[in-house]
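Pasting the structures here.
You will see chain A twice below: alongside chain B first, and alongside chain C after that.
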Partner chain A sequence: MEVIYTGLRQTPEDIVEAAIQEDVDAIGLSCLSGAHMTLFPEVVKLLKKRKSGDILVAGGGIIPEEDIPKLKKAGIKVVFGPGTPLREIVAFFETAGEGA
Partner chain B sequence: MPARKGTAARPRDPVPGLVDSLLKGDKRAAGKLISLIEDDEPEATEAVARIHPHTGRAHVVGFTGPPGVGKSSLINRLVRTLRGRERKVGVVAVDPTSPYTGGAVLGDRIRMADTGVDPGVFIRSMATRGHAGGLALATFDAVRVLDALGMDLVLVETVGAGQSEVEIATRAHSTVVVEMPMTGDAVQTMKAGILEIGDVYVVNKVDLGNADVLVANLKFQLEARDGWTPPIIRTAAIEGRGIDELADALMRHAAFLDETGLRKKREIARARLEILENAQRLLAREVEAGSASGRDFERMAEDVASRRLDPNAAARKLLPTSSRKSS
Partner chain C sequence: MRADEDRKALDKELKRWEETTLREALKSLPERRAEFLTTSSRPVKRLYTPLDLAGKTDEDRLGKPGEFPFTRGIHPTMYRGRLWTMRMFAGFGGAEDTNRRFKYLIGHGETGLSVAFDMPTLYGYDTDAPEAKGEFGTCGVAVSSLEDMKILFAGIDLRAVSTSMTINSPASAIWAMYLVAAEAQGAPLSSLRGTIQNDILKEYQAQKEWIFPPEPSMRLVVDTFEFGAKEVPLWNTISISGYHIREAGATAGQELAFTLANGMEYVRWGIDRGLKVDDFANRLSFFFNAHNDLFEEIAKYRAARRIWAREMRDTFGAKNPRSWLLRFHAQTAGVSLTAQQPEVNLVRTTVQALAAVLGGAQSLHTNAYDEAYQVPNEAAARLALRTQQILAHESGVPNTVDPLGGSYFLEALTDELEEEAYRYFDRIQGLGGVIPAIRKGFFQQEIANSAYRYQREIEDRERVIVGVNDFVVDEQPEFEVLRVSEASLKAQTARLNKIRRTRDSKKHAAALDRLRKACESDDNTMPFLLDAIRAKATLGEICDVMREVFGAYEEPLLY
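Up next, the complex of A and B:
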């Protein structure tokens, strides 16, 4: 698995542009600021606009339980809360593309 | 944090359509074509064949120098300066693959985040994936894709260790060697190769002080080759100092290559390498497919181990008949 780390405080536009240039299978977003309800769906929207809706989007960070269903509805495939074991996250990405 | 290469691959698009889109400047197609070549998919050969006729316009600049010397930051600044001069710029940044896990964390992009959504910039990270020499096997095919995408310059950042400096010098039009003060004595700069490969030398992090010693050492040892004396540029990449001078030096070198006909010579030298490499790869594949897993191979291995046969003679038996004579 190859992971491209793009650094902190990237705009949704930056993230989508990087994902397209790097031709990634998945994007992992982390947000601690509370702006996830705006930023995460924006990434999904921009991906679709760039005909790249096939790229999987996963989220993580400080996300209240009640927001998770809404994020999933907005196209975020999975949300990993604080304390999720690394093994679980790796396993998710290893199998994510299967049957897609 | 985009992730690449899980176990399951996404379906690939047909090559002709991707190449058509690439030639129209579609970045998504460029990204996909680079992956296809990088993963050595069966369609890779067709992709390279279709792209090759549309290349040769971009000026390719290789960057080498020890890890931590500031290559990524320097490239980031240079990209901005070149954009200011209305040049479209592609970047291929190579990072090492872990020999233990086969995975890689590619971090060069962090230092290049400035240029993010500029439509005239395309940055691609690549992992070495076990290719010796600090460059990814597909590095120069990625350069080809960015050339066909219409980039005026393509900057290649190597891992900066091992043989990468020599390899990059044989492939790029201009090679930039990046050094920094306080990393060693004069002997470091005399190490074989370093003084012979650079077309432009950069002494980065001049703000650390002591740069004069390094500059003087380089100046003392560098000699003109083919009528070109490599300039030494002082930079402080983080502050953006010296970047204009670096851009100027690269433009001068590009013009020099054109005026002297050296560009053509370098292109032909590179073509020779590429033909041989492809031949080697094809031959290796043929040998592996033909016999390297069969019973004859096992018997041969036993014969070599028990000294009834020498390895070279055994290898010749594996080769297709046409190439057996060479040893």
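Up next, the complex of A and C:
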């Protein structure tokens, strides 16, 4: 599996651009500032707009429980909350990769 | 000779104990684990004795409180004279929201202010910039203009209170805003007390809230040293911060070493500017983490004081004893807070705060139990403040100076941390100094390695974190979720629009132009920042000028 790290402080536009350029299968977003309700759905929206809605979007960070259903509804495939072991996250992407 | 004989006798006595009493005990009850480790994975021995303290006398190691090397504290009477400042880090939403929170905390007995800014402010963007989308007021208060700053402190007498502001890349601009807001209250600059964090080096190493490359950033920092020494003499123009280094996953030893290495780098830059070390060193302050491991944390603070005093006196030739003092703020470890069973964080925070007090902190922030999730709600923030009040007024800990001084374990640990710091100083020097080491990714890699090891220890259950990998319950936490109001965002945006519409645009453009020229020259930028603020330039506009002149920093990626 190849992982491309785009660095910190990327706007949704930056992220979508990089994902399309690099022809990725999945995007992992991390947000700890509380802006996830704005930024995560924005990424999904822009992907769809660029006809790349098949790219899987996963999110993680300090996400209140009540926000998770709303994020899933907005097209975030999975949300990894606090305490998620690294191997669980890795396993998710491996399985998702097999399905593709 | 006498010491040698004593040592031999002690050694013999210890061996006797090990071979008799201890051996018997271990037979019937083996120890719980093969190795006991601190939070930083430092091995801890079963027992510490005077044998661990050989090689130095108590006078060299400890001195007296208020005297070189200040291991026991910077003041002869410590908390018997004055308690530490209870300074609660606060900020969310707009200036009005945070002003209310300040007044609430003051009303409940906090003794100093501490401003948390939101992400756009920390990165030098106005609330209405595209980069700020979704971030308004989530992690702190949005301050884009002088108007915001005035509202933030409305009804608070800035001559009477000391204010700490956690701001780094745009620190000089935000400080200029504060100074102009204070002027408007009628407070002379010479009366103002407070601190700007202004520690850019640890941003490249750990927190990552940089804007410009290191060299122009350091120049802006030294501009504040120079301006502060002349115009705002009671202000701490920097808070050299290990806190964020630790939060990023460093060990206690790395936090200590990197922070002090950064401190010395600032001193060198100040001296290179032509400042006399005694003219600015007494306004350098520090900020450390208070993490889980009680003794390791206390040892860290004591080692920090001793190293700094020695380096300032002997390496940098500071003559004024005030220049030798390492004064520090402490904050309990945000990174230790758990989203699981959040109320347990109250207990963690209490132990951490105790470390800071036993370690002689000058001021302290205690995290609220809901802070793994959010900027604390009112009730949680008050409980966090109450934790400090319990330590101050009920625990008895502040009744004597350095109550743990002389503990074999603590003194040995203090020596060990000191030695670890010097080993790091040598490595940093070997890489060409702090900034070259940043460009090589040295600090970043060291911190990442420690963070990874710690996380692995938790996931492999080599380290128990209550409520996370042991003593787990299956229930959702309940607390009041604090949301930033849409109305605050609307009010803030409307205020910015009005400022841009009604200000004298010629005066505004001319002030920004003069600022640009100052940035391009070697002039001290502070007076030009003050002028730009008076001409109603916003934070984003000021930082845009600087971004154009200085460029943006890109970090080396490590893998």
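Observations, loosely collected:
The criterion applied here is as follows: the second predicted complex is superposed on the first by the 96 of 100 C-alpha atoms of A that agree within 3 Å, B and C clash if a C-alpha of one lies under 4 Å from a C-alpha of the other, contacts with A are read in each partner's own complex, and residues count from 1 in each chain.
Everything that follows uses one rule, which is that a contact is a pair of C-beta atoms (placed from the backbone, for glycine too) under 8 Å apart; a residue touches a chain by one contact, two chains touch by 3 or more.
Just so it is clear, the structure is predicted and the values come from calculations on it, not from any experiment.
Aligning the shared chain A places chain B and chain C next to each other free of steric conflict.
In the superposition on chain A, A:Arg87 contacts chain C only, with no contact to chain B. Once the two complexes are laid over each other on the shared chain, residue contacts for A:Glu65 go to chain C alone; chain B is not touched.
Of the two partner chains placed by superposition, only chain B is touched by A:Gly28; chain C is not. For chain A, the partner that touches more of its residues is B, with chain B and chain C as the two candidates. Contact with chain C, but none with chain B, is seen for A:Met37 once the two complexes are overlaid on the shared chain.
Seen from the C-alpha centre of chain A, the directions to the centres of chain B and chain C diverge by 90°, a value given as a multiple of 10 for the model superposed on chain A.
Of the two partner chains placed around the shared chain by superposition, chain B and chain C are both touched by A:Gly7.
Minimum Cα separation between chain B and chain C in the superposed model: 5 Å. Common to the chain B and chain C contact sets on chain A are residues 5, 7, 11.
Residues 1-10, 27-28, 30-32, 34-35, 97, 103-107, 109-110, 113, 116-117, 122-125, 127 of chain B touch chain A in their complex.
Partner chain C is touched in their complex by these residues of chain A: 5, 7-9, 11, 33-35, 37-39, 42, 62, 64-66, 81-83, 85-87.
Residues 119, 123, 130-131, 133-135, 138-139, 208, 338-340, 372-374, 455, 459, 468, 476, 481, 484, 555, 557, 559 of chain C are the ones touching chain A in the complex.
Interface residues of chain A facing chain B in the complex, by the touch rule stated above, are 1-7, 10-11, 13-15, 17-30, 50-52, 54, 93-98, 100.
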